[in-house]
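Two complexes follow with chain A in common, the first pairing it with chain B and the second with chain C.
Then we have the complex of A and B:
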């Protein structure tokens, strides 16, 4: 899901950077003292999760955990994902500095959308929470793939082929992320409920 | 209680591979080496999976002109004959189509240097015995000269063949996968940033309380 340097055109890069700047500013403003450790813990998780490789399906994909970030962090997922992606591009050579804005948008915007759709259900008990967590994990990847394909619209192979490639590669990941998010959220709800309730 | 231990186990299972197998990553990489009169390129995702049906294009670094392009096969390989151009540096670019792209700089220097260096010593050897009028000897020397260049050529091709796998391994290893140090370093940075954020917030609180 990390788009490489030199693939996208300047308008796309600028649009991504603008969305990321706005999201990060709002996210930092909403970040209060008590949640700093939660945000940094999930940033570290996101940073490491992309090294877990899912060898199923036609493509080569790794975990993203965007849904989990969104559900727990809300708007703060923007600064969290920005920092994690910056470190990934510096340490692992994933993506790049110039495409940082676009890559952050690809992963953080779906997380935020999932926060607004699924967060109310996560706060409820029982099966509703599990279904909502699965939905968040599933939809965050689906939306990320769609936004990535949109960003690739302007490249030489066009939207249709990029969308086809990315969606096909990420279908197994959607299900896996859904399951992982479901287990993680219900685990956190049992063991560390205050970790989840903080995301307002 | 049983359920909690199950979830805990799953959570640990999720974290363990993250620390133990840092070789999985998601970016495309390409590397190239020379085998005789062909340049062979191999592309793969750094998880180790070959990049199939990816576009590979060869660009002259100086002029920015695309010399040739093609697609990788099932094993992520693509080979092309050594291009006859003036410039010594080539950019070999792979594009996987889903936003992943990388390049490899290939230098043609070594091969052209070899072909330029072999003839001069042969001519200097053949000039020296020209003082003697015996024609047989000259022929013998010429024969020797021919065999010397011939031998050089044979040795070169043999070396090319022997060295190709070594060159491939060298090229493959030039791009390192994330190591444990990288991961721990990144986590350290995140904790440091959290510390800075906490410090700023606490200062804000203190200032707000004081005024």
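Then we have the complex of A and C:
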């Protein structure tokens, strides 16, 4: 899902940076020093999630869990994802520095949308929670792929086919993320329900 | 994998103050990333190689990183020439190779390599902890820097925690495959990792409050910007400005 540095045009980079700046500012404003420790450790945990490879057919994919981040962290998902992506670009040179705004938007905006759509359902018991968690996992990847495709397409219409390929390639990931988010959320609801009331 | 292998060394670049390197890297990468001229990007790539020589890093390790970074460029080389449209270079059976597609793919490849090289040589030569403090020194939001420093500190701990759980699953004959059992196991595994890091965060927070934590992290080594660093900053920015101004001379 990372877009490399040097691909996008300046207006797209600026738009991404602006969205990220606003989201991060609101996220940080809502974050006091009593919760910042928890959010930092969860950021580290979600970074670790990107190192987990799950098998799919002959290959494997790594987890993103944007939907879960949205559900758990709420607005704090913006600074959390920004930090996680910055660490990724420093550790592995994935993505870059200028493109950080766009990459953060690609992951954090869908996470936030999932928070508003699915969060009320996640607090309910039973099947509604499972469906909502699956939906969050599924939709976060779907929306992320759409935003990535949009960023490429608005840079240059010539990217249209490449953008379509990216969308198609993410369909299996959407289903897997949905399933894993569903299991993780029902696990958290049983073991540590505080997770599901934290982002408020 | 997460060993910051480029951060140890004794070269000119390793000794510079991280604040100065952050500024130069930001300016340089901006110029390289938004330029559309082959002259600018090739010169920037050449200068990035010069930085690599200055940094005296292990060339094989850097090569591996570059190779990994080029997977996305490879994807572009496979798609853009075939799908871009526009002027046609040659036909290969049913496919036509477009000139503009190849041009764009080449430009992006040059940019990507240039940027990854400058990331490694300018930012990779400092530890992430010092970069975090440098960002704080450059007046980036203190809470954001705190999050950066703290999640960096705990990534390794949590990764070990995850591996411990995974080993435990392996000992109970868990073999990953494409089935619902695998996904359930991974879901629970990650859920448990989250629970543990949550509880760890509570304990760390309590321990820090007991030691008088007031929202400020104090770096172990206090650095001051030396005159060498100022010289590096001025030269770095001057070179960046020169590279950026090339298109205005050769129209």
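Keep this in mind: the second predicted complex is superposed on the first by the 180 of 200 C-alpha atoms of A that agree within 3 Å, B and C clash if a C-alpha of one lies under 4 Å from a C-alpha of the other, contacts with A are read in each partner's own complex, and residues count from 1 in each chain.
Heads up, the rule we're going with is that contacts are C-beta pairs under 8 Å (C-beta built on N, C-alpha and C of every residue); 3 or more make two chains touch, one makes a residue touch a chain.
On a predicted model such as this, the values are computed, not experimentally measured, just so you know.
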Task = Superpose on chain A as described above, then tell me if chain B and chain C fit or clash.
result = clash
Query = Who does A:176 touch here: chain B (first), chain C (second), both, or neither?
reply = second
Task = Identify the partner contact of A:61: answer first if only chain B is touched, second if only chain C is, both if each is, neither if none is.
result = first
Ask   = Now for A:47: first (chain B), second (chain C), both, or neither, which partner does it touch?
value = both
Task = Pick one for A:148: touches chain B only (first), chain C only (second), both, or neither.
result = first
Ask   = Who does A:30 touch here: chain B (first), chain C (second), both, or neither?
value = neither
Ask   = Does chain C touch more residues of chain A than chain B does, or is it the other way round?
value = C
Ask   = For A:128, is the partner it touches chain B (first), chain C (second), both, or none of the two (neither)?
value = neither
Partner chain in contact with A:187 - chain B first, chain C second, else both or neither = both
Query = Of all the chain A residues, which ones make contact with chain B and with chain C?
reply = 2, 4-7, 31, 33, 36-37, 39-40, 43-44, 47-49, 51-52, 55, 83-84, 87, 90-94, 161-162, 165, 180, 183-184, 187, 191
Query = Which residues of chain C touch chain A in the complex?
reply = 1-2, 4, 25-26, 29-30, 32-34, 65, 68-69, 72-73, 75-76, 79-80, 82-86, 100-101, 104, 108, 111-112, 114-116, 119-120, 123-124, 128, 131, 141, 143-144, 146-148, 150-155, 157-159, 162, 176-178, 180, 182-184, 186-188, 190-195, 197-198, 200-202, 204-205, 208, 215
Note = Listed in rising order, chain A residues that touch chain C in their complex are 2, 4-7, 9-10, 13, 24, 28, 31, 33-34, 36-45, 47-49, 51-52, 54-57, 63, 65, 72, 79-80, 82-84, 86-87, 89-94, 96-99, 156, 158-162, 165, 176, 179-184, 187-188, 191-192, 194-195
Request  = Enumerate the contact residues on chain B facing chain A in the complex.
outcome  = 3-4, 7-8, 10-11, 14-15, 17-19, 21-22, 24-28, 45, 47, 49, 95, 97-102, 175, 178, 182-183, 185-187, 189-191, 193-194, 197-198, 201-202, 205
Ask   = Across the complex, what residues on chain A touch chain B?
value = 1-8, 31-33, 36-37, 39-40, 43-44, 47-53, 55, 59-62, 83-84, 87-88, 90-95, 148, 151-152, 155, 157, 161-162, 165-166, 169, 180, 183-184, 186-187, 190-191
